[in-house]
Every structure is written in C-alpha cells, then in structure tokens.
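Okay, so chain A shows up in both of these, paired with chain B first and chain C after.
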Partner chain A sequence: MVQIEINNVTKRIHKNLVLQDVTAVMHEGRIYGLQGVNGSGKTMLMRTIIGLIRPSEGNVSINGKIIGKDIEFPESIGFLLENPAFLGRYSGFDNLNMLAGIRKTATVEQVRDTIRLVGLDPGDKKKYRKYSLGMKQRLGIAAAIMEEPDIVILDEPTNALDESGIYLVKNILLRQKERGALVIISCHDIGILRELSDEIFKLDTGRIIEHICGESDA
Partner chain B sequence: MKFIKYLLFDLKQGILRNKAMVFAPIVIAATAFLDFASKAHRLLLDGRIRESVSYGDYWFYLYGGMHKYTPSPGNGFRFPVVWIVVFLVIPFVLLNYPFKDLYGVGQQILVGSGRRTVWWLSKCCWNFLGTVMYHMLMQLTGLVLFLVFQMNVSNQIHMDFINLVFEVGHQEVWNRVALPLSVLLLPVLVSTAISMLEMTLSLFLKPMFSFFAVAVLFLASAYLLTPLLVGNYAMAFRYNWMLKEGVSINVGFGVSIGLLLVSALVGLVRFRYYDILESE
Partner chain C sequence: MLKRMIRLEVHKALRNKLFYASIIVGCAITIIALIYNVGIYQDAFAMMNIADGNPEYEGFSLFNHWIGGEPFSLGTAIYFFVFPLLVAMPYGWSYCEEKQCGYVKEAVVRSGKKVYFLSKYIAIFLSGGLAMVIPLVFNFLTTAMFIPAVVPSPVYCTSTGVFFNSLMSMLYYSMPFLYVLFYLAIDFVFCGLIACFSYGVTCFVRNRAIAVILPLFFLLALHYSRQFLFTSYDISNREISPMYFLRPVSAWAQASWTVIIVETVVLFVITVFLSMIWERSHEIY
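Presenting the complex of A and B:
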C-alpha cells in the first residue's frame, strides 16, 4: 500500500516561486499525469516527491513518512528525470548491472529482462555514449522500472521515441499500474497523457489549476 | 557495507577512470623534473654549487613555494609558478566529478542509498584519497626519474642550490641538510584540506567560483606570510624549520586537520538541505 501526500508544498528558488501551495494525494495502482507548459512546475514537483529538492513550505509524505524529516528519499522509487544520464563508456547492460549491483535490489536476470522489455538487446556491447536519443530514453525507463519499485516517476517518457517506442512505453506504464505501482508521468502530448492517466493535475506557474479524474473514475 | 560500495564506485569512476587525475601529476612532475635537472646541471657546470642535487632538493623545488615577499620598489612579486601549478591543478581536476555524478548516474545511486550522508561522506573520502594519490603519483614520478637517471634519491637538501634557485640570502634561512617527515607530510595535508574546502564551497557557489576562491587563497598566501592564510602551510619554505620568521609546522598540522574536518562537516550539514537541480 503506497500513498503519496503532497501537503501545501511551496518552493522558492532564488526568490522565484516554482511551486505554490501544491496539495495532492496519490494512491498505488494508479497513473497520475502532470500536464503543463514548460516552467509550469511539473519537474519541480517530481523532484520534490523524489526528495531531490526540499520544499520551502509544506511537505511530501510517503505512507505517512515525511521526506526530509522521517526519510530522506522514498524507500522504493524508480525515476527518469529530463535526460537520462549513464556512464558513457559502459554498455546499457553494464550501466544497469552496475546500478543493480550497488543497490542489490535486482538480479542480473531481472536486469536483462528489463532491457529486453524496453526493446533493447542486453547483449549489445555498444557503449552508452554511442546510443541514439531513443535508445538512451529506453535505457532510462529500464533503470526506473528494473527494481519493480512502489513508485515510478517518468518525466517526458516518450521524448525522442518513435511510434513503436511510444507504444512500448504505454504498455510498460500499464504493466506498472497492473502490478500495483504508483506511477507519475508528465508528457507534452495531451492525448497520451489522457489515454494513460487515471488522474491529471494541470499545473500553471507552480500551481495546480485543475484536477481531472480520468474515465475510470467517471 | 553500502558505504563501501559507494566509495569503491567513486574511487573507480572519480580516480581510476579519471585520466586527468592520473596523468596530470605525472606530466607536472616530469616537466618540473626537466626544469629542475637542467638548472642543477647548469649550476654544477658553472661551479656555483659544490655537489650533485638529490631527491630532497627536487621535492623542495616542487613544494618549497617561495620565501617571504616584502613589497618594495624594485622588488616585484614573483609568482611561484611551480608551487602554484602543483597545488592548483588538483582542485581543478577534482572540481567537476561530484557534480557530474550528482546530475548523472550518481543521482540514481544517491536516491537508492536512501541517505544523503552516505553520498557526501563517500565524496569526502574520494576527495581526500584523490588528493593524496595526486601527490603520491607526483612524488613517485620524480623518484622514478631520479632512479632512471641514477641520481641521489636521499631526502638530503643542499642549501647552496636552494638559495640560488629561490634567490634567498643565507642570513634569512636555517642551514638544513635533510627533510624531516613532518615537512614532507604537511603540504600534502594542506592540499587535502583545501580540496575539501573547495568541494564544500561548491555547495554554496558554482564549482568554478569555488575554484577561483581557492586560487585567490593560494595567491594571497604566496603574497603574505601570515599564519592566517592556510596556503602558507603548503610552502616548505615558509616553515619556521626553514625560514627564521616562518609559520609553525605544528600549528600547520592543527589548522589543516581542523580545516579538513570543518569543511567536511559544514558540507555534510549543507548537503542535507541541498537542492539537486539540473540547471545548477
């Protein structure tokens, strides 16, 4: 059972209000979409939930544990923020295997399976720096989901992907939802966002200006 | 256990895989050796020094810095080039790795670790060990070159050579014949403290500004002989062991260890509340 509570979160960076009194509750087994133009606060809200930035006011709690007070980061989370970043001199498999080796939460077989799941070849020796943008994006998604975390956060997961890649991402997200993960995504393509999300939070200048419940809640 | 894994990751990615970290000290030491050896050879041929130089002289050439500068007409400030290169290259080489890691794959590791403290302490150990390794590689390169050219590898120093190279009057310095262990260790310790200070400053300023701050600290230390400027403790020439009005070696150890620990602790507190933003 996972629940994220965002309680009156405000964030100021260099006197700019990037999040303003944001309040939301999110539950497991659902996909939450964040919609908004560039600079509306989508990524900032994601960073706050991950624990990478601290709210100036308010708090984010995961199952009642406040981030920055009771815990520093959510205990089970996978994420992809903006551009995926891995070690350029390693292959995709070596990168994920290295991450799994440090955290000891995914087996080598799980790593291979996840790489296959995103449409890449785990046996491919090509170095990450030689990957195309689409391949980098797929590997970033694989890193986020390989440990089957309770919370999956993907910022613009369909960036740089072709039609087949987008179809793949949609399926992956639905599988995450089916296994009970709480999924948060942002996407410029409103069609994809509406198709996948159970609920959408529309942000503008750091505020939630609209909360749309999807067809499943209608 | 987790901490050891993060540290091994940092040592591998931030030191062994960092070409500049490995090659910079070798290139600096070799270049300085050529300059040192040609000067020594010339002085010996001219009969201005009595005997061949030793490894101790070479070490002093790298870590000596400069004697006290007294501003006066006709006595312009002469930049201690070798010393500043030895001490400024390492903060520059160390500058980017923690932030490259923090905005790259390290972000996944940091969140996975569940604790910011683990990330910071691992970076502190990496920073300390990286600085020590830099100086060890530099000294080892010098030692190898001395062995290759069959030169005297003792820690003896020749004051006639040092006074000529550093342009010092005999009356200002003690007449020393060998480098004690404390003198060999202190500059490296000061260097580790300044590298740590730079990493902590980078949490408050942009990394490049923290590097400039450290560069200014070194330059100010070269200009002013005062126990308040920590760079003085990185110049073997400025110790009271060598220069009659120099700084205390014991105080230098205390100041360096203090600066090292305070920097690491301030960074630890700051990093707990540090916003990890790509744009930074």
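Presenting the complex of A and C:
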C-alpha cells in the first residue's frame, strides 16, 4: 500500500514562489496527471516528491514517513525528470546496469528485458552520447521502470518520441498501473494525459487550481 | 549499499580512458628520467673502469638514480611539476560531469547522498593516488633493470642528496626499500587528496577543465609563496611546497613531518568539507 501525501507544500527559490500551498493525496494503482503551462510548477512538484528539493513550508510523506525528516528519499521510486540523465561514455545497457547495481533490486536479465520492452537493443554497444533523442527518452523510461518501483514519476515521457514510441509509453504506463504502482506523469498533450490519468491536477503559477478526474476513471 | 557503490565508483574511476591516459603520460615522463639516469650511471662507471680506481659502488645506486632519488634530471623536473594535472585528470572531474548531465539525481536517489558522496570521494582519492604512484613504481622497476640496488652509504651523501637532517635519513641508509615505500605512501595519500581537491572544486565550477587545472595553480601558489616565506628563518629550514617535499630527495630545503602532516590535514579537511558536507547539504536540480 503506497500513499503520497503532499501537505501544504510551498517552495521559495530566492524571492520566487515556485510552489504555493500545494496539497494532494495520491494512492497506489492509479495514474495521476500534472497539467500546466511551462513554469507552472509541475517539475518542481515532482522534484519535491522525489526528495531532490526540500519544501520551504509543508512536507511530503510517503506512507506516513516525511521526506527529508524520516527518510531522505522514497524507498522505491523510479523517475524521468526533464531530460534522461546518463553517462555519455557508456552504452545504454551499461548505464542501466550500473544504476541497477546500486540497490540490486533488478537483475541483469531484468535490465535487459526492460531495455527490450522500450524498443531498444540491450546488446547495442553504441555509446549513450551517440543515441538519438528518441532513444535517450526510451532509455530514460527504462531506467524509471526497470526496478519495478512502487512510485513511477515521468516528466514529459512522450518528448521526442514518434507515434510508435507514444503508443509504447501508454502501454508501459498502463502496465505499471496494473501491477499496483503509483504513477505520476506530466504531459503537454492534454489528450494523452486525459486518456491515461485517473486524476489530473492542473497547476498554474505553483498552485493547484483544479483537480479533475480523467477519462480512464469514468 | 556502501560497498556496492564504492565498487561501482572505483570501477568508473579506474576503467576510463583518462585514467589510462594519465598513467601513460606519467610513465612516458619517467622514461625521460630513466634514459638520463641510466646514461650517467653507465658513463660514470665506464670512466671509473678506465681510471682503474675506486668504483664507488655505494655512490651509484638505484636509490639515487630512480626518478625519486635525484632532483635534477629533466624527467624529474617535469614529473614533479605536472603531477597535480596527472592526478586530477583520471576522475577528479567526474562529479562535474554527473551534475551537468543529471546522472547524480539517478544515483543519489538510489544510494542516498551520504553513500554517493563518500564513495565518490574514495574513488577519486584512489584514482589520484594511483595515478601518481604507478609511474613512480614503473620508473623504479625499470631503473632497477639497469642499476643495482646497492644500499647507499652516508659517506656519499652528496651523491645521494639525503643528508643527516633529511626526513627519514636513517631509514634511507639502513633500509632504502622501506624508505622508498614510505615515500610512495606519502605521495599516494597526498596526491589522492589533491585529486579530491579537484572534486571539491567541481562543487562550484561547471567546467571540467578548470576543475582539473585548479589544483596545479593551487600548488603553484604554495610553491612560489616560498619566495617570501623563506625570509623567515624558521620556515627556511622546512620545505612547504609539495612539488618538492613529495620527492624522496630534497630539491631545496628539507622536508619535515610537521609540514607534510599539517598540509595533508588541511587538504583533507577542506576536501571533506566541500564534497561531503557543503555539497551534501544542497538541493539537487
């Protein structure tokens, strides 16, 4: 049972309020969409949930454990924030295998399977820096899901993907939901967001201005 | 978790092209010293054979003809000048790269900040220490192929450059292999910390080249500060420049434990503060 509670989170960077009194509760087995224009605070909210930044006021808790106080980071989380982040001098498989080796929650075979799942070749020796944008994005998604985490956070997962890639992402997200993960996504394509999300939080200037149910909930 | 992370970081540090490049460049420089030292050894020995006189075996030993045993050859001068670059080059820049490309986020969330920064510190320390010591060991072994390891005699202290007031001079004239090992250990630790200084610099700079070059400038500042610090008699007895005191024989003033320990501790405190405390307390974007 995974539950994220965002309690009155406000984040100030210098004098700018990037998140203002954000409150939300999220449960496992559901997909949550974050909708908003650039600079509305979607990515910042995701960073706060991951634990990469600390709220100026309020807190985020996972199963009652406050991030930054009881735990440093969520115990089981996979994410893709903005751009995929890997080392250019290693192949896609090597990058993922090294990350999987930190917690040892995914075996080498699982890493290979996940790379295949996103449409890449695990045996490809090509260095990551030579990957196309679409391949980088696919690898980023693979890194987020390879350890089958309880929480999956994907920021603009369809960026740089062609139609088949977008179809793949949709399937992957639904599969994550089916296995009981709590999924949070942001996407500029409102159609995709509504199609996939059980609930959508609409953000503007760091505030949640609307909380709506998506088509998949209907 | 910590063990796995250390293993991963050490793997990344020691199996990368820049580490190999650093070792190759370092060894190439030591070959310049090898050619010179073997040459003068053979010339001097040939002269003595011609003169049919005292061969002065104890004055011509491996211990004063390897790169760490003499302060005057071109190879020695170059090596002990560029070593800050050679030790920072293998992996000192890595945090800069990982921060820039965003990899640090992926690693930190999986391992925790403490484990990540500690394992990186250890890997960079090891890479820096090894980048310094491997070419020195290479030179010692290759020189040993040409020049016998005769135990030096204090009678020839003007040939060896190790005098009665030199650091560990007793050890040098009794157990020279142990003396060399001690010096390699000092060089390993100090150069490991110089590489970590480069890591500390990457907490502030975004340019990898600056992170690699800055330790050299830091040591040069310390080196040339001797010019005005030596006006004080107390300091003139002690070598404060690592470019000199990391050589097993003195090039200028004598090395002293006090200076070596103080500089090592200061470097350790600065690097640990920057990389483990300062950077760890910051948010990751």
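Throughout what follows, the second predicted complex is superposed on the first by the 214 of 218 C-alpha atoms of A that agree within 3 Å, B and C clash if a C-alpha of one lies under 4 Å from a C-alpha of the other, contacts with A are read in each partner's own complex, and residues count from 1 in each chain.
Rule of thumb we're sticking to: contacts are C-beta pairs under 8 Å (C-beta built on N, C-alpha and C of every residue); 3 or more make two chains touch, one makes a residue touch a chain.
Just so it is clear, the model here is predicted, and its values are computed rather than measured.
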{"item": "Three-chain arrangement built on chain A, chain B and chain C clash or fit", "value": "clash"}
{"item": "Partner chain(s) touched by A:E75 [first = chain B, second = chain C, both, neither]", "value": "first"}
{"item": "Touched partner set for A:R103, first chain B, second chain C, both or neither", "value": "both"}
{"item": "Which of chain B and chain C A:H188 touches, first, second, both or neither", "value": "neither"}
{"item": "Which of chain B and chain C A:L87 touches, first, second, both or neither", "value": "both"}
{"item": "Touched partner set for A:G51, first chain B, second chain C, both or neither", "value": "both"}
{"item": "Overlapping contact positions on chain A, where the chain C interface meets the chain B interface", "value": "47, 50-54, 72-74, 77, 79, 81-82, 85-87, 89, 98-99, 101-103, 143"}
{"item": "Complex interface listing, chain C residues touching chain A", "value": "1, 4-5, 8, 12, 16-17, 97-98, 101-113, 283-285"}
{"item": "Interface residues, chain A side, partner chain B - complex", "value": "13, 47, 50-54, 71-75, 77, 79, 81-82, 85-87, 89, 95, 98-99, 101-103, 105, 143"}
{"item": "Interface residues, chain A side, partner chain C - complex", "value": "47, 50-54, 72-74, 77, 79, 81-89, 98-99, 101-104, 143"}
{"item": "Chain B - residues contacting chain A, complex", "value": "2, 5-6, 9, 13, 17, 103-105, 107-116, 272-273, 275-278"}
